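Look at the two complexes coming up: subunit A is in both, with subunit B in one and subunit C in the other.
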Partner chain A sequence: MKWFDYAAPRTVAEAAGILASHPGALPLAGGTDLLGQLRSRVRETDLVVDVKRIPELNEISWDAARGLTLGAAVPCYRISAHPVIRRAYPALADVAALIGGVQIQGRASIGGNLCNAAPSADAVPVLIALGAVCLVSGPGASREVRVENFCTAPRRHVLEPGEILVAFQLPPPGPGAGSYYLRFIPRNEMDIAVAGAGVAVTLDDGHIRSARIALASVAPTPLFVEEAGEWLAGKPVEPQSLAAAADLARKAARPITDMRGTAEYRRHLCAVLTRRALEAAIKRAKEERS
Partner chain B sequence: MSESTYAVVGTRPPRHDATDKVTGRAHYGADFQLTGMLHGFILRSPHAHAAIRRIDVSKAEAFPGVKAVVTSADLPESPEQMVDIGEGAMPLSYIRGNMLARSKVLYKGHAVAAVAAVSPHVAEEAASLIEVDYDVLPCALTVEDAMRDGAPVILPDLRTKEFGEQTGRPGNVAEHFRHVLGDAENGFTEADLVVEREFRTATVHQGYIEPHATTVLWNEDGHVLVWCSSQGAFTVRKATAAVLDLPVLRVSVTPLEIGGGFGGKIRIYLEPVAALLSKKSGRPVKIVMSRQDVFEGTGPTPGSHMRIKMGARKDGRITAAQAYLAYEAGAYPGAMVAPGAMCVFAAYDIPNVVIDGYDVVVNKPSTAAYRAPGATQAAFATESVVDEIAENLGLDPVEFRLMNAAKEGTRRADGPKFRRIGCVEVLEAMRNHPHYRAPLEGPNRGRGVAVGFWFNVGLASSCTISVNSDGTVNLLDGSVDLSGTRTSVSMQAAETLGLRAEDVRPSVGDTDSIGFTEVTGGSRTTYATGWAAVEAARDVIGQMKERAALLWETDAASVEFDRGVFRAGGRSITFQELAAQLDETGGPVVGRGAVNPSGAGGSFSGAIADVEVDPETGKVSVLRFTAVQDAGRAIHPSYVEGQMQGGSVQGIGWALNEEYFMSAEGAMLNSSWLDYRMPTSLDLPMIDTVIVEVPDPEHPFGVRGVGEANIVPPPAAVSNAVYRATGVRLYRLPMNPVAVMEALWQKESEPGGGSLHSDAAA
Partner chain C sequence: MTHRKTLVRATVNQESVEFLCEPRQSLLECLRDILGLTGAKEGCNDGNCGACTVILDGRPVNACLVLGVEAEGCEIETIEGIARAGALHPVQRAYLESAALQCGFCTPGLIVATKALLDQEPNPSEERIRMWLANNLCRCTGYDKVIRAVQRAAEEMREVRA
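Let's look at the complex of A and B:
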């Protein structure tokens, strides 16, 4: 690991100023990805900017009308333990408890998981499925970016120099909602998704009112399969419907062959995981309604 | 067994080193510190095979904080010799070549240069400034690649040895040997059923949690002092002295605690490099490997390509067997194919056998020992074929094995005739275990069995025992403590002396303080060092008898010793009472034991595995697992069970996910814990254990080494279980989800087909 300087700003404006004036600077939230990358020299920088001390990045707030505002640097353990998130966004609570072990969850954040921009990021399909929007601040005006539009390539995203991801805004789930994330890993823990599926559904008397489906590890970025969710809208809750949506997810996948699996195997997993995740989300939605 | 005979042997006292281990006070390799210590970093080859045209270290030397830079040019030259590297010998030129590459790099990760600096980060940064001009060469990564006509020649001076003779033929085959017993061709004609299958296994790593770590001071007096984590201080001393061309007297090695070895910490990688850096800088130098260094720069176990052919009569008798075993040696000759050939059919009494072994050099790290080295690959192949024959003959797989089991007097194709062994007893214990008859409910589930053998070694061990005035003793031996050997050795001394285990204070000596002792490996420590401790204790008893005789003014020969009490002519004195009178009777009593047993009894092991296969993902879950092993005599049953569980888990790792995943250019792409995928506790059921005790006839307590045989059966047992769960038999390790899914797809596309990836038919 090379030497680097360290800054710990206390406000969004201060952080944005430092990041704008040091184009090579890298923001650090939990550091669970970044420090490993610096140690293995996958990334190098002269300046690390710790954003954990900025209040807005550490807040969780809930409003029945606006939904959930989740600070980008909130560590996973707070998310998985949060009663509102556990009730209203169960897939988000699940994924916060899935990433890493207890020590990692004490540091790792959902904002960091997104900004690391790995195709395999477990939290990102969930954020997409839940319709999350990124609140971005920078030297200019603040802006909003839908999570599915945030990543542009492996390790690349839309933030401009000086811009900082402050929080996520998640819409309220509405009645009859259920969400689920399912990843496939060869082991039962400590692994990177070979493929993953995050789904959110709302039910309406035996029919699917709406659905959003997103996939991990099967494209250069986390993949929003909008057509699969749209196809499901209005369909009865039947195995054929789910299988057809799963097949759309399989067709949307653009995986590669690597040490974690072949492209053919990953496409196959997309269908299996999407179907299983839909079944689990629907089960949750039914429990929510009953 | 007669448990009542022993007071200490067979009990479960706490480990002597337990407190230091659980509080973190124990000093492992990387914990060692010296004043003024520098940190070394090794620059490694990015290429699997390349000629080195030029190395320019000037920028690294000029980097602030750098105190020394070395390359192979700093290694001494000396005539070729074979150097004992623990459980075998290797030419000095290969050992030196692996330390720092000379004219060529032979694998990605091959050490090329090293830097010592004021911090590990400065050393790493400076190493990145070393300019190496490579001429990249084509590489050969598997035995099939390397044996092909026109394959890249990896070692230009290598000539193939065949049937013990030098052929003068260049190439990548270092050796081809053959073992013959009876007439295999004839034996196959007697068979009603002949099954021949082809198998492949991946390169896998021992996966010890502690990376290699060493600290070396080349002292101003010319003496080289080493503090390191290894499986044997004397082997480190010998290899380090040979590479540096020093007499062994000039090298002292202090063993630190070891965080796992499994055979992988027998050979040295860092010590001579750190020594050269220390010599140049005048300061002690510590080098600690990263996990990537460990995967890419140390010795994994060979990947293999095997064919097994076996024939049996309808009555269940195996009439003939043939094996083709080609193992990847890595960059230098020495694939563990010879022991593989010793074990491939060892569990069976087969009259007609041919075994061909090939030791093949490839562009991967030079392979090293790994728990029953060479046997696990071979057993995966043999036990899969045995399973298939049993099924085709309609026989229970354990009964079929029992019908053909090796026993006392059975001759192996490689020569030895078995003395008393426990193969039958292990199989009977499997058959009688409730697990074997338990119903297996639910779809996609299957149960598989397999057995395995490891021959174990004896070799040299030294031990001294000093008697304290309160009747306790200090025990010093030369065996690095792996998995509780301090205690298993102390218990044998305690039993002999009539003491409690906690009356013995054991410690592991450095090379200046204790007699020569071979590595902790080959399942030899509880057996051979335990035996040395018994000899040392007997020596203590002999000397103490003389003291008692002196007190009683009688003849030492008339003094008897039993369970801690000396007796003669109606008088008696306890060990403790006599110990208090040593000063008055001639001074301290120090017993010594030095042994070199050659006939260690082998250990058989069996596994019963239940699995469930997810038919949609190909993922295999191990639901239940029972390990059975002949321990001869379990000195400390908990440690025996621990070995059985550890070996089982490693074998399950081989079976399911572990492999060196290589790019076509020879780079290991998964050189991290995350992607190498050893099983974690969440991937495993509780491993049930059954200790079988068929005492070794020569050892004072009947001990058989138990460290290794337990890894041999699991991959085959899991594979046989996967077959029963899915109807699909896999012939390649690992059976990861992709492999299983592809096999299931192939089965779907071939109605009626069940056997896959096999080039030969029954």
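Let's look at the complex of A and C:
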């Protein structure tokens, strides 16, 4: 690895100041993506800025009116064990227990998963489905960015130099809510998604009140399939409705062919994973109502 | 760039240590090359194999994916700290007695990860054990004997606790 310096600021303002005055400096959260990239020289930097000692980035808090505030650097193991997240945002708890193995989950953060901006990032479809908003701070004013607008291309996102992702804000789920994430990998664990589907639904007596669907690994960025969720709103909970939404997800996908699968196979997976994730989220929503 | 080394203070196997390292050195390099603790192994150096597993503030992590400087103020437990007062830990004994190793390269990582599991869950299911050890690769033994060793250690540790 090329020589770099290391800073561990204790406040958001200090971190933003350091990043703004050192062009090319890189934030470090759990390091499970970044350290491998620096070692293999996919990326280079003169300065690594460790952001996980900043309290706001390491906090999980819950408020019935505002919902969940999840610090960008909170490691996965704390997320999957958190009682409120397990109950109110089950897909988020699932995905935090599915990224890597326990050693990775001891370090890896959801903020790092998003900022790494890989199309295959497993947590990102879940964040989109749950309606998460990024709280971003920098040398200028703080701003909010919806997760579906965060990634712009593989390895590219909307943060300006000097800006860091501080936390995610997730709206409270409301009654009759359920969420689920499902990915396809050839092994049982420790692999990169060939395709993945994150969904969140809310139900009213036998009908779908609202739904949000997002996909992993089938486009240059994590893909929000807004039209599939909108189409489902008001439809009865019936296999035909779910199949039609799954077909919309399949049509929205713009996958490539690579060593993990062909474009055609990935399109097929989009439909299957979306339908199954919807069924599982609906099951959770019914349990929530009963 | 300063090219200046950093002083890190941490606790390793219940002893306070101070070491000077380059910010780019991994915790694994610091343990092995500076502190002389060569029990944690470098297999892949990219987070996939688990041979470098150590316990950092109570959580198993891959020491190749942690910088030495990140360990400032942390508590670290390595394979060298698992046996106490010259006696093997029940997990170590169970691996030996179940013949759950061949070349032994993966074994320090597996034992450290196993100890971390059994410290928090005395009676894990087979599925739980397999998922917990998914980040520890073994190229020789096959995983069945490893699972038996973990179950055997868990049983023994439960008896001692009871």
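To be clear about the criterion, the second predicted complex is superposed on the first by the 290 of 290 C-alpha atoms of A that agree within 3 Å, B and C clash if a C-alpha of one lies under 4 Å from a C-alpha of the other, contacts with A are read in each partner's own complex, and residues count from 1 in each chain.
The rule we apply is simple: a residue touches a chain if its C-beta (ideal position, glycine included) is under 8 Å from a C-beta of that chain, and two chains touch if they have at least 3 such contacts.
Given the structure is predicted, the values throughout are model-derived calculations rather than measurements.
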Touched partner set for A:Lys2, first subunit B, second subunit C, both or neither: both
First, second, both or neither for A:Ile104, with subunit B first and subunit C second: second
First, second, both or neither for A:Arg209, with subunit B first and subunit C second: neither
First (subunit B), second (subunit C), both or neither touched by A:Glu189: both
Touched partner set for A:Leu35, first subunit B, second subunit C, both or neither: second
Broader residue contact with subunit A after superposition on the shared chain, subunit B or subunit C: C
Partner chain(s) touched by A:Tyr265 [first = subunit B, second = subunit C, both, neither]: first
Which superposed partner A:Asp46 touches (first subunit B, second subunit C, both, neither): second
Subunit B/subunit C common contact set on subunit A: 1-3, 40, 188-190
Contacting residues of subunit A [partner subunit C, same complex]: 1-6, 8, 28, 30-32, 35-36, 38-40, 46-48, 50, 75, 77, 100-104, 106-107, 188-190
Complex contact set, residues of subunit C against subunit A: 1-3, 6, 22-24, 26, 45-48, 50, 53, 56, 59-62, 64-67, 69-70, 72, 113, 116-117, 131-136
Of all residues in subunit A, those that touch subunit B in their complex: 1-3, 40, 184, 186-192, 194, 258-262, 265, 268-269, 272
Subunit B to subunit A touching residues, read off their complex: 121, 124-125, 292, 616-619, 656-657, 661, 669-670, 673-675, 677, 679-680, 682-683, 736-738, 741-742
